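Take a look at the following structure, please.
The chains carry the letters A, B and C, assigned in the order they are written, with residues numbered from 1 in each.
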Amino acid sequence: MSQIELRDVAIEYKKPKSEERFVAVQGVNLSIEKGSFVTIVGSSGCGKSTLLLSMAGLIPKARGSIRVDGREVTGPGPDRAMVFQDASLLPWRSVHGNVRFGLELQRWTRDDMNERAARFTRMVGLGSFSDYHPHQLSGGMRQRVNIARALAVDPDVLLMDEPFGALDAQTREVMGDELLRIWERDKKTAIFVTHAIDEAIFLGDRVVVMGKNPGHIREVIEIDLPRPRTNAMLDSETFIEYRKRLRDYFASDMQSMQMVRDVA
Amino acid sequence: MIGVWRRHQALISGVTSFAIILAAWQLAVDFGLVKAFFVSSPALVTTQFIKQLHSGEVLTNLSVSLYEFAWGLGLAVVVGGACGIFASWSRTFEAVLEPFIWFKYSSPTIAFYPIFVAWLGLGEPTIIAISFIFAITPVYANTLSGIKNADPDLIRAARSFGARRHDLFLKVALPGSVPILVAGLRLAVGRALTGVVAAELFGATAGLGFAISFYGQKLKTNEMMVSLMLVVILGIIFNQLLSLLESATDSWRTGPGRAE
Amino acid sequence: MAVTTQIEPRQVPSLGALINRHYSLVVSTISVLVFLALWQISADQGWINARYTSTPSAVARAALVIFRTDNFFYHAWVSLSEFGIGFALALVVSVPLGLVLGTSRSIRLFVEPPLMAMYTAPRLALLPILIVWLGIGMASKVAIVFLGAIFPIIVNTIAGVRDADPRLIQAARAFGATRLDIFTKILIPGCLPAILMGIRLGIGRGLLSVIVGEMFVSEAGIGYQIMTYGQGMQIDKLLVYAFVVSIFGYSLTLAVKLMEDHIRSWRPAS
């Protein structure tokens, strides 16, 4: 049995001030093996972030089941850690204090907390910035702290919601390489949501393509590229092939958006 | 020279403008533009000040007013803070208090002064009570607002690590609300001082407000000015102290991301 | 294409649902009613001394008496005029002053320290000296209202000007706007919400000032009545006047708040 099992998952939102419900995601079935890096890609509004949030246990699902290591997900837990697009660092704490934050909430012992916080701060390359505060860091550095914080609690699953979305293109690339480097060490199960096609292919073992209206899985593409990934692979034929497939999906999304506008 | 100016701009301009005002004041009186009877003058006030200092009057008035101020402010902070915290936890509690806060906000507290006197007598308890009521609103309002308006991104991140309600409160909402709390404290300090002085104007036997009223009624402008100046100076000192506290607690404000 | 929304049949909200949605309002109303009831009951039962606190029923009766016989409108008119004149003067002086100070950095550098000193100092302490200068009639109250209202308005106007969006100014300049144009077309409309907020705060202070002033020394006015009744232990009548002031103050600040919110809604979230 795979580590993460989603069966027939549907998620709905209640519209404010009315009794109507909006279906964000429907009929999702997905199995994720332990130690794999899965990327979820789709255009805006396809529910990919929503799906991730429900895996994290932060929003409830309307139907279906989400199981991690055989246990049903009913809320946040120490087995899953989330990395948001917004670094969400406590501005009054230093880098060290922020990396410690998750450990504190999960009640690790004092010595362990300090040791782990220091270790993961170094792992993301911020060892000499341990006493800096968030307002003194760049966007990329803040995201590294965000990642270190998530890794420090030793989760079984790492959930990442467009963590590089707010960064500029070059920083994004560097961070992608960094992320893989860090991931290679422990090979934790990772689920990475993005709307950037290249990023999805470059990072993942598998790419889950989502469509919208309502959110659903269109296809799961196995990425047949060796690890560790290198930037040279971006120009390989295989990569270009994958990219084309994904772009075709997005093109049809754009067209359907056009249709809605004509009709409306 | 320019460096000195830049660094201490505020201080230099502040001192200069006060010096100019004092000089203009003195000159206006000396040249007969205004009568000393009405406005006194820096020279006369200083003389009076020294006189009152020697007689112990300054010390008595200061200590009485400061004592009442400390109590009024202290009670306001403790009660206002506790209510604010409680109201942030319980929507019911907040809704119960809200109409009274609104009423307090729009009614002139001083109007109820005679009632306080009837309950607590003329003197310190009434003055402390008025000061307390003046000061409690910003403390309560800012505590409540600071906690309720905790950064939702931080709350969400904390929840993703399994934070429970008291974790969210102690580790995210409360520390994050410190700047707003300090801003509220700043307002409260000003209000507490105003409350003390205003209440003393009406019924007291000692204190700065009492002295102002006492000498004012006797048309002794010089004597009155001493206490008035002391009140103003106290206000400035407190304000500056709180300004310092504000910058000290605000150093971690996250601005837009700095360049790499 | 799949359906995006599933509409469930509309149901008439039950009482429970209604209470849920307006929970705060309901609890607040109940709280006030409970308070009034407790007040009345504890006075009737002798738990508290009604001489000092009066009761809701006594206050209501006193209100009728006052509105009919007490020269109420005369006193109200006195207070209202003192407040109105003082506030109008404050507006006329403080808005332009605030605008000038907000735009000119050099002037602000020298004027701000004494300004902030006056803002934070208890202006009520000036009451005795104002009485010395202006006597016990209306003039001294107008003065204290003026002093009470100008500082919030000036300080908030300055803040409003400093918050002006530099991008809008830049765009205007690109179209060849003169300094006057920028002043009237961008700055003033832009800092209107801040000015209104200053006005709102000024109203509160101004009202407080006029009442305190009248309570301290005067020949007429609502504050004068409050003090008279207070000293004569006619708490029920005192409370009527106090409530009148509260309601007036509340309505006025509410009106300004609505204007403020309306204007703020035009602006994009900054």
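Throughout what follows, a contact is a pair of C-beta atoms (placed from the backbone, for glycine too) under 8 Å apart; a residue touches a chain by one contact, two chains touch by 3 or more.
What you see is a predicted model; the values in this text were computed from it and never measured.
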item: Common touching chains of chain C and chain A; value: B
item: Relative to chain C, chain with the most remote C-alpha centre; value: A
item: Euclidean distance of C-alpha centroids - chain A vs chain C, Å; value: 50
item: For chain B paired with chain C, centre-to-centre distance based on mean C-alpha positions, whole Å; value: 19
item: Mean-CA-position distance for chain B and chain A (Å); value: 49
item: Shared interface positions of chain A, touching two or more other chains; value: none
item: Interface residues, chain B side, partner chain A - complex; value: 151, 153-154, 156-163, 167, 171-172, 175-176, 178, 251-255, 257-260
item: Contact footprint of chain B on chain C as seen in their complex; value: 23-29, 31-32, 35, 51-53, 109-114, 116-117, 120-129, 131-133, 204, 207-208, 211-212, 215-216, 223, 226-227, 229-231, 233, 235, 238, 241-243, 245-247, 249-250, 253
item: Chain B residues touching chain C - in the complex, by the definition given at the top; value: 9-10, 13-14, 16-18, 20-21, 38, 91-92, 94-100, 102-103, 105-115, 117-119, 190, 193-194, 197-198, 201-202, 208-209, 212-213, 215-217, 219, 221, 224-225, 227-228, 231-232, 235-236, 238-239
item: Chain A - residues contacting chain B, complex; value: 56, 58, 75-78, 81-82, 84, 86, 88, 90-92, 101-102, 104-106, 133-142, 153, 171
